[in-house]
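Here chain A shows up in two complexes: once beside chain B, once beside chain C.
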Partner chain A sequence: MQHGYWIRSKPIYHSLAWQYKAQAHVLLASGEGGRSVLRLYQQRLPDQPVTVLYLPAENEDYSAPLVTVVGTSLQVFPDARELWQRFDQVLQQSRMGTRLYAAGTESFLWQATTLAVKHGVLNADVMREQPASLARPVYCVHCKTTTHGVTTNIAVCAGCQRHLFVRDHFSRRLGAYMGLMIDAEDPGNVPDAEEVYP
Partner chain B sequence: MNNLAYKHETFRDDYTYRNSPDAIRRFPFPFAEDHYMYSVNIEQHQPGAKGSIVEHAFDIDEHYVSECEDKLITLGQDKGRYAALPHMMDAQWDFLELSMESLSRDYPHLFTLTKDGERWTWRNGPLGIEDSFVFGDAATLPLEPFEYMGRQVQGDFVLLDQREGTLFADAGFITSQADWSLAFDVGMSWHEWHGPVPQVEKMGIMDRALKFLMSLQQGNPVRRLNWTMTINPRLDTSPEHFPEWGPDKLKVTAQNAGEKAHLRVELQTMFRLPRSNAILFSIRCYLISLEELATYPRWAKRFHRVLRDLHPDLLEYKGIKVYHEAVLAWLSQHDDGAELALGAHPE
Partner chain C sequence: MSALNVIVSNIELVADGIRHFTFIAADGGELPGFSGGSHVVVSMPAGNRTYRNAYSLLSSPADRSNYQIAVRLQEQSRGGSRFMHEQVKVGTRLDISWPVNLFPISRVGHQHILVAGGIGITPFMSQVHDLLRTGAGFELHYAFRSPRHAGFIDQLKQLLGNKLVCHDQSQGQILDLHALLSRQPLGTHVYVCGPDGMVDALIATAHELGWPDAHIHNEEFLAPPVGEPFTIRLRQSQKNVDVGAEVSMLEAMEAAGVDVPYLCRGGACGRCELEVLATDGVIEHHDHYLSDAEKGAGKKIMPCVSRAKCSFIELNL
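Coming up: the complex of A and B.
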């Protein structure tokens, strides 16, 4: 948090819940997001067709329970590129009234949203859940590199090695928070980083 | 301003930028009272008094050539200062038309526009530019229309698309910003890009301002002033280049504040555009050192009081906190405490 005030660009996430008034449902999940899908399947299932696209992550692979619970609606992908290609196709074929759900890291959620918006879906019509980790993608405003999985309030930029202060200001297009060189005024004066986004 | 003597000056490195007595006199001092807080300070952008900064739609002044040169330096260092999402092409042509027509109408001795059907010829005297092109055909211009004219008008520009009940900053030409990033903000909605601004949420200011802008009419532009402070007369106070200008903030003392510390005022104007229904937001930056400001004693007195009593969140947000004391010490020498009549006028 910054100066104790809320920055309105910081997205707020909710637990996934079926939107029963729909023509079809498309779920998109990565890593820990697999658990969110499993949780969603504990709610009363909708009558309309469901498609689940899942990308396992290292140490976060829920494919086995998903196969059991979701069955033939599930497609598991070996890498991100194939998942996004498939999602793009699904969006092209989808009809009005298709509900979209996404669960995963913040970069994943906003990559999914950006692609959906390109196909004419409104930002607000995508339901997003951020499971487990609060780790942040951080965009370095100086060298424009995004560093993933940042759990601390100050992080070293993967691109230019500057120490970045992680702001709450969030860009949905970039799917990342803004990182600003913390010792720009007084070079070398870098406070200790604290883990605040575990 | 009719016969402009352009100054050759710099907004970086040796910082030779200065204001002439004329420029000081017409400076848009933003404080009519001893106290300042954010408000919905929007008024009609009607042509103002002769010689004033609001005489014309876009103000061209003695810094024109040097400021345009500084834009090119900044753009050369960082291409991300210009960005336009693909659906903004109509708005780009709207901007080109509005800026060319305004400048050639208001400063005919400097700029001329001739039209032969869709074939337009644009001459910019001070910058030595002459181009013929087909209006609406981007391939006939050396740059995209927005970037082409963005380089030839003082100030920064944002083109806003209106949809989903809000405004989106979907294109920008930003080289003289007060610490915000176009590359980061482009594509954001009104409440997102204004997210970092303190205090305004609870005062309902942003909701009211947005509502007002959503119903902005073509032919009825509006304007407002915003202000902050900058150390050294630097236009490019971007977060991108913060490592270059950040250290200067710690070098301000009570002795050098008069020379180093500048009041930075933005004349912000908003125009509804005819083809695209987009809004043009222009941000014209005026810089004045405290020494120049003190040419008019009531300005120095007033600014001293405003800064002394400014809300701590605003001091923090505007980045003034680290040199606040030094600046107050300098200004206090110019404040005898005498009561000042309402108004922002110089004398």
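Coming up: the complex of A and C.
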């Protein structure tokens, strides 16, 4: 675990807030992110059309209150593939001035951002909130696999099974933290993993 | 700063009050390459003072045999545009800076809307070549007072076809910025160059519609405004420099032999930023570079266009 230093690339997340100067608003949320959408709806609503795309997670399903609060602007998806497909269509049809908001796990936030970037949106212009888990997407610098939902400072790569040290160094293009082999110089000497991103 | 030595090889009047100059390298070779949107600073030795103004390069960046600029005779010229119109002839030798680009086309943009007002067409003349070459989607909106004021219009029509949209005010064709900016797909970037009112209106409209700042680009080179005389105290070089009413701080320091860094000389690039240590008056910020907070703090000044209303200002130089 790394203490007492800070890397510029480490993203800092804030609470979502409406950007009132806009032509439209598109909100994307998964799991606990549903609560972020409900919180956003406690602020004064914008005048422009709003679209909310929601992907419930196991034990984190805010569909019922979202239906009540958001109403017909809400679309709930049974699986991630359909959500991303729909988001792609929405981006395709959107005009400049469409404000984008995302709330969910860090993997989800950056999947949403990466898709928006493909449509010419700059990553700084997607508003992101990380409402619950600090679990990280980790990119293995050796085999280039991204392992999602890492909660520990050392994690096993889902691609090559190496033990990776999880750094704060973050790639906005890959949407993941850098992970590098911890026992490269001393094979087999792997410290105990500690849960630091619960 | 090393200069390029060029010779004026052609001069044409392309619109009311706008002269088009072609430069070739004095040594007959190729000139340095540049990218669309670049400008050069032309040094104009007029009597006992030297004017240096930034002008956009107009030609295709693929053609390094010559550079082209257009100069509009400013009604309230401090001397630069008048010098170019009255003193410069075919065969005149001039020193110009290497090209610098403060107005490039965004490489991550998916679509580009270029908006020119009058002489503001100049930076787009080279950009359209880059855009045509890369095949990027774009439109050029050209607003002018009348066909008489529309420099390069025939050349642009031939080059761009239906990518050129003209707004001829004499025909009552007013550019509807709100309509233009509200119908653009995600990933569009907008670029504007023209009179202050037009630039301000476009930026305000884009903000109102929710365009992020990073998608809005403008280039505006200012001429240093006149003011009242005052004195610059230079802390490090232990010199005092008097600034006349019609001379910029940068020009005054140069005339006194002080080496001050600069690029655009028009308040846009930020290269000449200096630290203000003290003053007994107020700074008159004219640049487009410092943020409002920085201007308010009064610790920085861009000597190319800004000045002070004071008896002295002390700079860390």
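Some notes on this structure:
The rule we apply is simple: the second predicted complex is superposed on the first by the 195 of 198 C-alpha atoms of A that agree within 3 Å, B and C clash if a C-alpha of one lies under 4 Å from a C-alpha of the other, contacts with A are read in each partner's own complex, and residues count from 1 in each chain.
Please note the rule applied: a contact is a pair of C-beta atoms (placed from the backbone, for glycine too) under 8 Å apart; a residue touches a chain by one contact, two chains touch by 3 or more.
Fair warning: this is a prediction, and the values are worked out from it, not measured in the lab.
Superposition of the two structures on chain A shows chain C fitting alongside chain B with no clash. Counting the residues of chain A touched by each of chain B and chain C gives the higher count for B.
Of the two partner chains, neither chain B nor chain C is touched by A:54. When both complexes are overlaid on chain A, the residue A:165 reaches neither chain B nor chain C. Our angle of interest has its tip at the CA centre of chain A and reaches the CA centres of chain B and chain C; in the overlay it is 60°, to the nearest 10. Shared-chain residue A:122: touches chain B and chain C both.
Using the contact criterion defined above for the overlaid structures, shared-chain residue A:94 touches chain C, although it does not reach chain B. Contacts of A:62 after superposition on the shared chain: neither chain B nor chain C is touched. When the two structures are aligned on the shared chain, A:77 is found in touch with neither chain B nor chain C. Look at A:23: by the touch rule set out above, it reaches chain C but stays clear of chain B. The superposed arrangement places chain B and chain C with a least CA-CA distance of 5 Å.
Put simply, chain A uses residues 122, 124 to touch chain B in one complex and chain C in the other. Across the complex, chain A is touched by residues 80, 164, 181, 183-188, 191-196, 198, 201, 239-243, 246-247, 249-250, 313, 316, 322 of chain B. Note for the complex: chain A touches chain B at residues 3, 5-10, 122-124, 139, 141-142, 144, 162, 167-174, 178, 180-181, 184-187. Chain A contributes residues 19, 21-23, 91, 94-99, 116, 119-122, 124-125 to its touches with chain C in the complex. Within the complex formed with chain A, the residues of chain C that make contact are 108-111, 181-188, 207-212, 214-215.
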